[in-house]
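One chain, chain A, appears in both complexes that follow, with chain B as partner in the first and chain C in the second.
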Partner chain A sequence: MFRIRFHARGGQGIKTASRILGTAFFLEGYEVQDFPRYGAERRGAPIFAYVRASKNTINERGIINKPDLVIVTDDSLLLLPIAGVLLGVTERTVLLIATDEATELWKKRLNLQGLVLSISTQAAVKGHAGLPLLGAVCVGAAAQLVGVISKSALEEAIHEQLQPLGKVIVEENLAAAMTAYDQIEAYAGCTTEREDPSADSYESPDWIDLPFEDASTSAPYIHAAATTLNVKTGLWRSLRPVIDLQQCNRCALCHIYCPDGVISLDAKGYPQIDYQHCKGCLICLAQCPLHAIDAIPEPRQEGEIS
Partner chain B sequence: MKESSLKSIKDLPSTHVLGPGTPTCAGCGALGAIKIFCDILGEKTVFVNAAGCMTLLTVYPFTPFKGSWIYTAMASAPAGAQGIRDALDLLIRKGRLKPEEDLKVVVLTGDGTAYGMGLSSTSSAIYRGLDFIYICYDNEGYGNTGYQFSAATPHAARTATSKGPGGYQRYKKDLFAIWAAHRPAYVATVAGAEPLDMARKIEKAKDLKGSKLFIAFTPCPTGWHFEPAKTIEVGKLAVKTGVWPLKEYIDGKVAHTRVPLPKGKRPLVEEYLKIQGRFAHLFSPTRNEKVLEKIQSGVDAYWESIV
Partner chain C sequence: MICKLLTGNRAAAWGARLARADYIPAFPITPQTEIIETIAHWIDEGRMDSRMTTLESEHSMITSAGAAVTTGVRTFTATSSQGLLYGMEMIYTVAGWRAPFVLVNVSRALSAPLTLEPDHNDVLAARDSGFLQIHCATCQEVLDSVLLAYRLGEDEKVRLPVIVNLDGFYLSFTREPVEIPDDAKVDQFLPPYNPGETRFRAGDPISHGVAVLGGSQYSYFRYETHLASLNALEIFEEASKEFEELFGRSYQPVESYRTEDAEVIFFMMGSFATKAKDAVDRLRSVGRKVGLLQPRLLRPFPVKAIVRALAGKKGIAVIDQNISLGKGGILYTELCSALYSMADKPVIVSFIGGLGGRDITREEFYEMVAVTMKAIETGEAPPPRLLYSKEELIQMKGLQSIARVEQRKGRGKR
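Then we have the complex of A and B:
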């Protein structure tokens, strides 16, 4: 059985990518599961999707903890523990990263023994909106890496899944996927299947057994106030708003319009952005009457956010 | 009615009651509006939240609220509010809760609930004279489930369930008129993009006895297909072009708190429509003059009937 895990940010099209890969496997005669993980599936938030494919009946369920192939469309996710990219990655797991940094650098940074491959985002085929089609790029590469999906099956799967979105979108995604498929030809079939689980070798997940308790203990009561402070939605951001306090006239509009309430005013009335929670919507930038707010690409150094 | 203490936008509270870190989409119009409601209502509240986008605010073990919050099914938030109001009244009457410890009961629902599934229970609650505040964040569709149409979806908008060439064929329900016809203590339309108008109305209504109902216009970047940075711009244009009237019902009378410029001087409705992907089919590949005119004349007719 092939076990493939996708990691992306919301909006990069990874749920659709997993669906396309699943469809292509199916067209090649495999039994397939493909599904995204339900959670904060918001633009910019870390997103997970999974594909299982086997010639036999698949009895395994749930998220994939021991992947054969891991695909990452956004290299900033590799530095986020919450994204769990390296969960269950061993020396036999193939890791494919859409990145513009050297593969060796990532291998060293992540201290990985297995095969690490990269695919350029800058060179990737761009869609009509001017953004690289990372979902299609990754599905093209994945189809090649598993070694059992022909170009024609991939093409048919893309047609099947994207047809409702119109001809332009089908064509551009097809181009992006096929380019990636050819680009990674040297590694065709480098992902290997692992045996299907049998009842004897079944390892139960890390359950925590909870005793039965009455409703006052077991009901999901939250007794503390404003606990969402512990949720770092700043991780979603791809652009960071930066206020030039020299230009700011303390009109406080950014503070009032920020939907998340993450722009506070200091004692003198100057706005301060809480980057741990700012989602990067840039309403502040759009509404600042003096254009004192700029947007810069999010720095991705380790530890920058937390 | 005494004059509002909120003279300018500078008078709005400088700290926020609602905490950050919620899972709403970046640029969420509804969150921005609820933030202002919380700022004016304070911490002594209990929110009764019908299923919808905003139930995601509180996902165990996280909540942005400093006061209480309870979850209900879509159709039953006003019934939940009735139970909580009765419980608070009983506790106060029996001396187990001091009158100053009383909480404001606030129903929070989306338009799917307010205009549709929950309309019956709301009607009953107003009819019984329930002392509560109702906030409907109107993002004109079922936002939390992939943006299907609701009874609040405007004519011609594309949604996940109105993908045809003409978009949604029906017309938005007039919930303000429906609610006002019950003769509650207070009804208002507000817009997240007009925080001062909104804050003044909340301040005016919050201590009235009886049902106080708000319909908040809250653009949805995800469902309406525009960049999150434009949430306020879209909201402001809805008010300026006359699409979203800002008004209130109090003491048996309806008054407009903002009247757009007269016809010919105010921007055309298409200025509002063309910056949203859900109306893109009205402009490309060719302009759909017929539908654009129909929408414009609907708005013009409304304001002619007012002035």
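Then we have the complex of A and C:
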């Protein structure tokens, strides 16, 4: 069985990418299971997607703890413990990272023994919105890495998954995926199905008897006020809303509709965005009747990802 | 017939579409929303001839479903977790009306603490309501169970609403190959609903769910509803036989997997039962005599079939993805009562795992067999075991120590 795990930030198209890969396997005659996992749906938060593919019935389910291939579309996740990118990664796991840093640097930084491959985000095919199509790029590369997916199956899978979004989106994603597929040809088939260890010898789970603790410890409380201020949710943003105050007529709709309450009004009634906490959902942009709000790709600054 | 990759949610929507559900009262909740979104799209595109109404709560939604079905239209609805609980007053009420419709519940663990991932405490809160319950382990079962549920609930000998349950995330958002049956065949299996004498017409009004005092009449109505639920066991077997002839897939009230010569049996329901199946295959390949018994019908509870399947077995590992706080695993309790009068009962070991969507690893399935084997040897079952590791507690302590620092900092400021 192939076990493939995707890591991305919400909005990078990884759920769709995992479905394209799943569909491509299915078209090649595999049994397939694909599955995204996330918390409250939100742009920019770390999300996971899993693909299992096998010639036999798949009875495994849920998260993949021992992946054959790990795909990371956002290299800032590698340094985020909560993203769990390296969970179950061994010397036989292939790690594919969309990054503009050298693979050797990541290998050293993360102390990795296995094959690490990178795919440039700057050189990646960009979509009509001007952003690199990282989901498509990664799925193109993954399809090549598993070695059992033909270009025609990949193409058909992209058509099937993206066709409702229109021709332009199908074409640009096809271009991105096929370019990556060709780019990584030298590594075709380097991700292989793993032989599972026999049920005769296994590591026993370290179960414990949960001790009683009184409610001051064991009730699900956060014992502090205003903790949301400490969580810099602005880091989740992939697109930044920018208000053109010259055009703004101070109608305050953006302030009213912001679901996170991060657009305040200054003394003169002009909206101000708290970029430390704005998640980049762009509801303000959709609401602004004067189209005075624009979205620009988020500039990644040094040190911002740590 | 076509075979496609479908999520459990879309499979549920396909069930409603193929059943030609006329009316769909709806209210969104994660992880169920994809079901009503899908149906809304189909109605919008003219691919499904139904009327959808969004209500202001699950309480109204379930009332609306019960009211609609008494006028004779086939009704479908879906909810999850907190939504099911919010509508709980009406869950009991519409079952008492003997209003047969299908409610898909996408299991999600209950608050507090709030979460999105699944366990079965939500659907088990409706256990005693009079709704029949079908629990699914795969996306294919979801689609097929919706069709079976209408046959079952609408049968004259039953006339009860049915919950079809699927696990959030592990089925709701998971795509698997699903065979979508042909319309014509489904129409053959599931003719339009005929409410007969229980039908409400504006020109010929009747009252549903009347008030009774004194207890005697109440006892009559409640026990009749109980008998109707029990009838569903027989009807399920009839319907599933016909289902198999038409669609080639066979469903039993309780599913046996490699149990015949098994000494140890996993007893569990829901999507993680496929993980148990996987563990059974792996343990079989090294010569362990292990099997899986998976109740598909929880209400009515197929006691006879379970007793038959477990006769002569040595040990059972019950895995409850739920917890009755102050008692323990609910399936464990149900199974113990079913087997109490059996001669040479197997040793029954209680495991509680997968709460709030926590994974159950392959190694944990192996270990549950080892623990049960040991219980067989000693003739004594160990105390109930929560599947929870030392490492998990260490992580919890780490989070709590952060919370304590925050608490001190907060107090310093005040």
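Note that in this section the second predicted complex is superposed on the first by the 194 of 306 C-alpha atoms of A that agree within 3 Å, B and C clash if a C-alpha of one lies under 4 Å from a C-alpha of the other, contacts with A are read in each partner's own complex, and residues count from 1 in each chain.
In this section, contacts are C-beta pairs under 8 Å (C-beta built on N, C-alpha and C of every residue); 3 or more make two chains touch, one makes a residue touch a chain.
Note that the structure is a prediction, hence the values are computed from the model and not measured.
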Original post:
Counting only touches as set out at the top, which of chain B and chain C does A:A225 meet: first, second, both, neither?
Top reply: both
Original post:
Does chain B (first) or chain C (second) touch A:Q246, or do both, or does neither?
Top reply: neither
**OP:** Have a look at where A:D34 lands relative to chain B and chain C in the superposition and call it first, second, both or neither.
**Re:** second
Original post:
Is A:Q122 in contact with chain B, with chain C, with both, or with neither (first, second, both, neither)?
Top reply: neither
Original post:
When the two structures are overlaid on chain A, which partner does A:P259 contact: first (chain B), second (chain C), both, or neither?
Top reply: first
**OP:** Mind working out whether A:N111 is in touch with chain B, chain C, both or neither, as first, second, both or neither?
**Re:** neither
Subject >> Which superposed partner A:C281 touches (first chain B, second chain C, both, neither) >> reply: first
**OP:** Enumerate the residues of chain A that count as touching chain B in its complex and touching chain C in the other.
**Re:** 40, 220, 222, 225, 227
**OP:** Report the residues of chain C in contact with chain A in the complex, numbered from low to high.
**Re:** 5, 30, 112-113, 116, 169-170, 173-177, 271-272, 274-275, 277-279, 281-283, 285-286, 288, 359, 361-364, 366-367, 370, 385-391, 393, 400, 403-404, 406-407, 409-410
**OP:** Quick one: which bits of chain A touch chain C in the complex? Just the residue numbers, please.
**Re:** 19, 22-23, 26, 31-37, 39-41, 58-63, 65, 196, 198-200, 202-208, 210, 217, 220-225, 227
Subject >> Residues of chain A touching chain B in the complex >> reply: 40, 42-45, 220, 222, 225-233, 236-237, 252-253, 255-262, 264-265, 274, 277, 279-283, 285-287
Subject >> Sites on chain B touched by chain A in the complex >> reply: 9-10, 12, 14-16, 18-29, 31-32, 35, 56-58, 60-67, 192-193, 195, 221-222, 227-233
